[in-house]
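Shared chain: subunit A. Partners: subunit B in the first complex, subunit C in the second.
== the complex of A and B ==
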């Protein structure tokens, strides 16, 4: 019997190792092949190069003398720039609105509270495409020109929910006795909020903002529907590239994006683990 | 006292006012307009005519507008196929996550947290990049075929990409964190004394699994199934990249109605079908689990 138990345990551990391999080996593969010199078949190794990175970053290389390549690089830079503008604006708006909603629902009891909670969870459950087309119909019907503005508004509608959930979790873990102490010691409500509640809440708000930023940078589906013809974001650029045919620079872009989101996500999760 | 009550109301208004207005105009408003649009008549050159028109749903469900077309079962076929692919995605994701959840739940806290971190991390990375990797692996000149041919298992490249299988693989890869977290939550809560009791009393491992472990972890499985099934059903990025033009799912059909065919009412009706399936599933989940709410953060 003991042998069976050990065997079962061993195979479970081996399985879990495979599970992690399945998640991470593909990501490691792009990282390796982003240095592959082969311009035609990206998965056949012909030598080491950093050319694709140089190209994405806009340095002059042998290939980038070619006008076509230069154009695609400038499009890429523009897409990246758009994504950053959108993510910064949406993060600011969604963080303020989502945090306000979280505080209101957690600290106040009022009619319609359950309705608000349901509305907050709706965007997380609804398939993105539904919200994307609903927003498209709405913007076109109300005569608003599609572009950066509509993308920012559209992304905020679901980013508010993400901020709400992170801030609510933080509120639930907070120590109410400190507030009572502050009130007992004569601080008024505003001072208590500023000096006691807000500092405790801040890690939650920062966490929510980081999450909103990453999700905004990554959003493809909703943005795709409400971007209009003139604006391209980074995920849209890659999506279009995948549909047209793949070029080796895409590996380099992918690796840079992965590194970027790994860093921000690790930072967020690190901040969260430190509060506990 | 009234002044305190008044102050609290004023605070609440400041906190809730702007966000309520924003969500009413830009979230609930658009959804309502989409529902209305799904019952309107499509204009001849794109656009919408304000007349009652149930045939958008009819085109899918079997009562197409007799003025324009005969009923074509292609749309219901796409709908059913999307349901099938979403169901298979749920099953495959569950099979991948369930054993791993058991293993990780038995680790020490330090390793447990590290493993959970590794599983959530991909959720924060670009979806499109994670799918792109599979294009490189699965396409005819990709890694998988190169390995298969190199080792002599096959002589000609297999059609791996642009198949149902490729779509399911891509979805499993993307949805692992969605399934893992709820399943893990109920596996971790599992009371192992019951399992030991069952084994001591003479039930075999299979019987113990079916009668004890499976029912006790069922809430997590159900929660994970719901949160994987819904986005899988309406997904359009995965089939667009890994299904190419060959495999059409509801998401692609909806996209086509909006960006190419310009039949918005029909596209809205298709989206409403997705929403209906979602609401039915959530309703069943809430009724069966006997809870009064559903929390997508945990899947319970």
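== the complex of A and C ==
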């Protein structure tokens, strides 16, 4: 029996190790190869360099002077810039509208309340490809020129849902008697909202905003449909790179995006833990 | 007439249940609470006591009637404009604020300057025995301490009236008893009226100047704790407050005869008609077989030792249940009847209380 228990324990440990290896080794490889000095084939290790990072960040490097290298850094920076503009705008719009909607549905009882709630969940359940094509048809038929503006509007349609859901979850955990206590102590509804409801809701709102930002930075399918010809976002640029041939700087971009997402997620977790 | 701080004038409220029925929570209640009075609203759950409290604090809008606080009509005023503060059942402390910020909330909202606020927060916390705890968060406090913060927060703005909604129900027994005494002391120090809601009759009797026993949205009896206990107006009050032995029957001068033929002596001369006699368990004492004081002979079913007393559960020859409480001092007598399983329970006729008969 003892042997059996040891065996079971051993297999469990092995399974756990494999599980995490499967998830994290590809990511680790990308991080390692982002320091690979081979300018042509990124899977063959030829030495350590930090020049890919310098390259992505727009510095002159030896790589860019190499004859085998195709210059595309300015396009990359432009794509990144576009993504940041889009993510910031959509986050701002989706956070305000999504939170307002969540608060309204929680606070007031009105006709169609349950219907609204269901409608808010719909964009999350809809396949991206369907939403993308629907938005494209809508923009084209209503004569709106595709570009940054349509990407922002398009992404907001589903990002509002994400914010709504995160804020609603936070609201559901809130104690209504706290609002009564505030009113009892002489605060009118606005003061109660400002001093009692909003501060408790803030971690939810910040969490929703961070989520919206990351999803927006990351979105490819929907954005691809509604971007038009002039605007390229970072995920679109990376996707296009794949077709033109994978270039080693993609590793550096991936590591930087990963680090950025990690920082945002950590910030979110930190804010949440501080509120508890 | 006594100086009134709260007056309810035919206050009425009905709720619709999800099943489509209506429940009358307040049935045209008239109530006067005097200045500096400690009034307890006592009743089982669903009797309307919490609704009554919320009607005073403003969280429940009346369907009919009026509420006056210190002579001013408050019926249509929102909660935040009433000179009343509440200690909530689950304390309802703001989790994102410190103890000091919680306590000073009413002052901050009212726009009191910081220096004065800090001083008064210190004073209020000192009153409830939490000196120097300003910087803590509510979650770092024990239940009893949270209770005190809720109390400090509710009294800091010097309300004309403090409402307490079962504030002690979450505390353990020992803490609850010491808090009962502290609340009573605090009320004297502050010199304001307290309206206290509870379903615990012991708590009501311990602390109150007057107790209002509620049932079915009506005040069944409003009286001092002693009067509630000794002279309940009806069988609901008699059974809800304390344990009781009730004997329904036909009253005559000095005697009441039950349908099953028991004869209960009482001190009321000239009583007639249908009535119910009330004998509290502790009014019984164990008599010798040849004793001539009025008594009931019972067969004992259970003898329970509860520390300070023995509780005797017996039945008369006609099968009627009788509860008696015998002081633990008398344990030699109890030892005797434990052998025989029979007892003669004597009582003083003068202490027997007669209730008017009720329409069934």
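Following the convention adopted for this analysis, the second predicted complex is superposed on the first by the 260 of 276 C-alpha atoms of A that agree within 3 Å, B and C clash if a C-alpha of one lies under 4 Å from a C-alpha of the other, contacts with A are read in each partner's own complex, and residues count from 1 in each chain.
Quick note on the criterion: a residue touches a chain if its C-beta (ideal position, glycine included) is under 8 Å from a C-beta of that chain, and two chains touch if they have at least 3 such contacts.
Since the model is a prediction, treat every value here as computed from it, not as a measurement.
In the three-chain model built by superposing on subunit A, subunit B and subunit C fit together without any clash.
Touch counts on subunit A: comparing subunit C and subunit B, the chain ahead is B.
Shared-chain residue A:31: touches no atom of subunit B or subunit C. Of the two partner chains placed by superposition, only subunit B is touched by A:220; subunit C is not. Look at A:235: by the touch rule set out above, it reaches subunit B but stays clear of subunit C. Contact with neither subunit B nor subunit C is seen for A:54 once the two complexes are overlaid on the shared chain. By the document's definition of touching, neither partner reaches A:148: not subunit B, not subunit C. Of the two partner chains placed around the shared chain by superposition, subunit C is the only one that A:196 touches, whereas subunit B remains out of contact. Applying the stated contact rule after C-alpha superposition, one finds that A:250 touches subunit B and leaves subunit C untouched. An angle of 90 degrees, to the nearest 10, separates subunit B from subunit C at the C-alpha centre of subunit A in the overlay. Taken over all C-alpha pairs, subunit B and subunit C come no nearer than 8 Å in the superposed arrangement.
The intersection of subunit A residues touching subunit B with those touching subunit C, taken from the two complexes, is empty. For subunit C in complex with subunit A, the residues that touch the partner chain are 57-59, 78-81, 84-86, 88, 90, 92-96, 105-106, 108-110, 153-154, 157. By the touch rule above, subunit A contacts subunit B in their complex via residues 12-13, 15-16, 19-20, 22-24, 26-27, 29-30, 33, 41-44, 97-98, 100-101, 103-104, 108, 110, 116-117, 119, 121-131, 133-138, 141, 153-154, 156-157, 160, 165, 169, 189, 211, 214, 217-218, 220-221, 225, 235, 238-239, 242-243, 246, 250, 254, 257-258, 261-262, 264-266, 268-269, 273. Partner subunit A is touched in their complex by these residues of subunit B: 7-8, 11-12, 14-16, 18-19, 22-23, 26-31, 33-34, 37, 96-97, 99-100, 102-104, 113, 115, 117-122, 124-130, 132-137, 141-143, 146, 173, 176, 227, 230-231, 233-237, 240-241, 251, 254-255, 258-259, 264, 267-268, 271, 274-275, 278, 282, 293-297.
Residues of subunit A touching subunit C in their complex: 175, 177-178, 180-188, 191, 195-196, 199-200, 275.
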